[in-house]
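Presented below is the structure to which this report refers.
A, B, C and D are the chain letters, set down in written order, and residue numbers restart from 1 in every chain.
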Amino acid sequence: MAPVPDVPRDERHFVLTLSCPDTTGIVARIAGFLADAGGWIVEAGYHSDPATGWFFTRQVVRAESLPFAVDELRERFGQVAAGFGAETQWQVTDTGERKGVVLLVTAEGHCLHDLLGRVATGELPVRLDAVVGNQDGLGDIVRAHGVPFHHVPFPPPGNGRRHGARTAAFADLRELVDAHDPEAVVLARFMQILPPELCRAWAGRAINIHHSFLPSFVGARPYHQAHARGVKLIGATCHYVTADLDAGPIIEQDVIRVDHGDTVADMVRRGRDIERLVLARGLRWHLEDRVLVHGNKTVVFR
Amino acid sequence: MAPVPDVPRDERHFVLTLSCPDTTGIVARIAGFLADAGGWIVEAGYHSDPATGWFFTRQVVRAESLPFAVDELRERFGQVAAGFGAETQWQVTDTGERKGVVLLVTAEGHCLHDLLGRVATGELPVRLDAVVGNQDGLGDIVRAHGVPFHHVPFPPPGNGRRHGARTAAFADLRELVDAHDPEAVVLARFMQILPPELCRAWAGRAINIHHSFLPSFVGARPYHQAHARGVKLIGATCHYVTADLDAGPIIEQDVIRVDHGDTVADMVRRGRDIERLVLARGLRWHLEDRVLVHGNKTVVFR
Amino acid sequence: MAPVPDVPRDERHFVLTLSCPDTTGIVARIAGFLADAGGWIVEAGYHSDPATGWFFTRQVVRAESLPFAVDELRERFGQVAAGFGAETQWQVTDTGERKGVVLLVTAEGHCLHDLLGRVATGELPVRLDAVVGNQDGLGDIVRAHGVPFHHVPFPPPGNGRRHGARTAAFADLRELVDAHDPEAVVLARFMQILPPELCRAWAGRAINIHHSFLPSFVGARPYHQAHARGVKLIGATCHYVTADLDAGPIIEQDVIRVDHGDTVADMVRRGRDIERLVLARGLRWHLEDRVLVHGNKTVVFR
Amino acid sequence: MAPVPDVPRDERHFVLTLSCPDTTGIVARIAGFLADAGGWIVEAGYHSDPATGWFFTRQVVRAESLPFAVDELRERFGQVAAGFGAETQWQVTDTGERKGVVLLVTAEGHCLHDLLGRVATGELPVRLDAVVGNQDGLGDIVRAHGVPFHHVPFPPPGNGRRHGARTAAFADLRELVDAHDPEAVVLARFMQILPPELCRAWAGRAINIHHSFLPSFVGARPYHQAHARGVKLIGATCHYVTADLDAGPIIEQDVIRVDHGDTVADMVRRGRDIERLVLARGLRWHLEDRVLVHGNKTVVFR
């Protein structure tokens, strides 16, 4: 992660997240640890899940209120976390370090344009490392934003030579992405199903936008399915990619009203507004460490 | 239909609906017919569906602008409609006649209370003929509103004697409902699956509220299903009842946001707000002749 | 407060709220206090306001996890709270005690019907002590729900004898309400402006529903104002009553879409749906101690 | 207007709009005129306003169903329209002709990026003639999209020389815009108040996005005003520009939920999502001839 040059010391924060089996005293131990070090908590979320017996928290501390840097905080907080058992998952990040993102696209540019705009205005403070396109039509606008664009064509699924070419394309994709070790790999209407080994390699980092209100209309052509069923709202779902198609943990969803006058083409056009928004929100929350995954569900501290 | 005593002549309207195979000149012929009679159109909706090649319209005319009563309008408009082919469906209603409604309930009273309140305030100008309850717990409040309540217990599905008792219960239900020949039979959380012959008998009049955003979570315990999937919105669907469970033409849907902190019980409670609203909206539109059914879809002129 | 007979011991919770000038270590001290007593926190909200330098928290603890009853918790927590300075405000309530509510109404029944329905279904677990009506038209339905109804007519504002009668009516109202010492006095479309002394007496407990999206359309006939301006959404606002008309701390707001086809009468009818919902939500949050007031703003831990 | 090269003849439509004093027979005369020429109506909206006694319609006809071109349609429809009186306003446009748009911006790029993306994806089928910027920071991205960018600095309001420079800047702006005779002049966060003569010259074509839910928070710094009042929703309003600041006819509005945790900076960031959407919707409706203005209100046929 590169330092964010425009974040002054007194606006930097450390973000701590932790999940572990629930018991009494967790909040007290974390709060006590921070208070002993002089830490000023500016934002805190807690969730105790009665169904799973699991505890989740996210805390934001003013960097300048602590007498040590992020590495030492990580070491010390790791010791606290260790006390909550072997299953505990935790993380400490520094908002003064800009996180890396790689986007995967094909031909539909609406999510790409939206994210480029958000990066350009500073609204989404990330380091956009690269865009990889299954087609090359979006390359010019990506480069105009000063971001590297790589064209990796994916032949349609098939046997023999076609299968080999497809496997090679995924290998190229993986190499291009992993070279940046990004905090998020965003399938911004990528339209290719990732092979299981990529789902594993990017688990918890690969984020997809699906153009329906899941679990309705899984798979291909969801707007056609929605039109055929005559629903009165269409939606979009931002979720982590898993090997189980369109069934990964949901980060965010939203809907938009349609009516009998909307053709499939109208739904496609109108649905883009909600796809853009839902992906942008989900990605932001992911990058702000607001999303904690447990099993196939998420806790989102908004 | 009983006359609505509080609708003065100059606020009465005639509502004409028609659907037929689309062609040029339909609007002109209907509009010409009305104009020739001096009819003042105050509201008009048109829909031409390119996918099915079907045309739909709803027109609202000031009753006092026409020189004849509703019966003669029906006869004359029927002649116009006949010109659009044998498949044409049409209807003429008079807003000066209050429509009849029968409600079917079990134990959950939130939709019932809401509809009783809307009738009491005059917001839903209907003639509430009766409420039939699978249980009797809601009888007192129904009677306090001056509406007859009938208790018809439905044994759970089963074989032999149980099956016979269930068949008899549905026969009782049908008799109680059909005695009023209502324009709407509302399953306000009735929780019983209507047998196919009742679905046929009440086709286009039986309205159900399902507590999910269909087609997600068809069948029983939809909030449990939604909780297990970790969706970020829950919904409700108002639809016409058909023999195909939860698959009839959708009239209206809406959603409400939930998050990781919501238990199934929270979803049940919060979902009620959206069930109430969606049912009340769908029922109102049905009673105002705003809903035209074609195949398994609806055209809703809002 | 009367005990809630249907809340088993293991589902009872204590709700602690506190606001005070922000500093480091508050969370740690509260969490430490609870952890030392074995308290199991099931829900916790924190807010640190950089603009005012003020801190707010709401914590929900399982009653059975603590070795003492609510009175002793109050005493002990009061000692902790005292350590945060003289301006600190705090409260401890027991969800096993049902809170008292008095409703004030006039002629429009939509909010009343909605709240009666929510109480009847158990959705709003309150003790509905009484309804006071400026008119008596809603008395029958209130009594059908087993709730006392008092008719206190309010003459329109004026001088001399009329002024005296109005003052006497407010004195009667105050006596009727204060006899129950309710946790909430709900102006469910009461349509009378409370005199300053009642605003003071019921500060933080008197809740009004205003039928516009404040601060738009303050005062009388907001739907007429909205129609004249041609807005595309109308709204409702639930707020605490203060001596400054329609300017008290806002608890909740929501909106509903309207269009050019909606007359003022349509807006009135459609707006009721949003008034009902916004009032019910705001009242629930107030009764669940989710609303903390600071100056003219609220912190709402949803 | 330039022809749209990618619209095949059989997908072209003619859009007719008309408003006039209401009377019986208008629908019949328009429908009869179209039917006599073989016109196939695919979309039709009617509105009869009881408050003003005015009638509004928008009709969409398949171009290939008529035996004449748009110019002859205009002439013939103009004769029909003349029969409805001298106050009648009407228009006929051809969806095969791409409409021209000029954007005015300053430094905030979120609306600009959004509109550029919509044009690039073909979602907003316009001819983007030019962007004029009060500052030049957004020039590079505009030019990367192949659109001319003109930098016209506007000194702040003042007397003497400053006043003169400002007047000259507005004259330059007018010349740059009028050179394209655009169907829409979009103030995409332009942050300058247009002088009355420009409001008049561009009446019904100049479209502004205001970052509040008007009429709340007119004027400068609306998010600061919203934060101070503690509202629970913030909004955006797309309206026609008139000489009366922020008081022109409203085309579209929408809102987004905020809470106590949102600072003014958060509101600014989150509000952008709603500004983008509301402006894009309003502009689309304007360009599709869906917006008819009457007095200070709009009829929007969606």
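Here is the rule we go by: a residue touches a chain if its C-beta (ideal position, glycine included) is under 8 Å from a C-beta of that chain, and two chains touch if they have at least 3 such contacts.
A quick note: this is a predicted structure, and the numbers were derived from the prediction, not measured.
**Q** How many steps does it take, at the fewest, to get from chain B to chain D if each step moves to a chain that touches the one before?
**A** 1
**Q** Have a look at C-D versus B-C and report the one with more C-beta pairs in contact.
**A** More contacting C-beta pairs are found at C-D.
**Q** Can you name the chain that lies farthest from chain B, using the mean of each chain's Cα atoms as its centre?
**A** Ranked by distance of C-alpha centres from chain B, the top chain is A.
**Q** Centroid from C-alpha atoms only, then distance chain A to chain C, rounded to Å. What do you get?
**A** About 38 Å, centre to centre.
**Q** Once you find the CA centre of chain C and the CA centre of chain D, what distance in Å lies between them?
**A** Computed from C-alpha means, the inter-chain centre distance equals 42 Å.
**Q** Where the centres are mean C-alpha positions, what is the separation of chain B from chain C, in Å?
**A** The separation of the two C-alpha centroids amounts to 35 Å.
**Q** Please list all residues of chain D that touch 2 or more other chains.
**A** Within chain D, residues 43, 50, 261 contact more than one other chain.
**Q** Under the definition above, what is the set of chain B residues touching chain A in their complex?
**A** 47, 49-51, 56, 213-217, 229-233, 235, 249-250, 252-255, 259-261, 263, 296-300, 302
**Q** Going by the contact rule set out above, which residues of chain D touch chain B in the complex?
**A** Interface residues on chain D, with respect to chain B: 24-25, 27-29, 31-32, 34-36, 38-46, 48, 50, 65.
**Q** Please output the residues of chain B touching chain C within their complex, sorted ascending.
**A** By the definition above, chain B touches chain C via 43, 108-110, 113-114, 116-118, 120-121, 123, 140-141, 144-145, 261, 269, 272-273, 277, 280.
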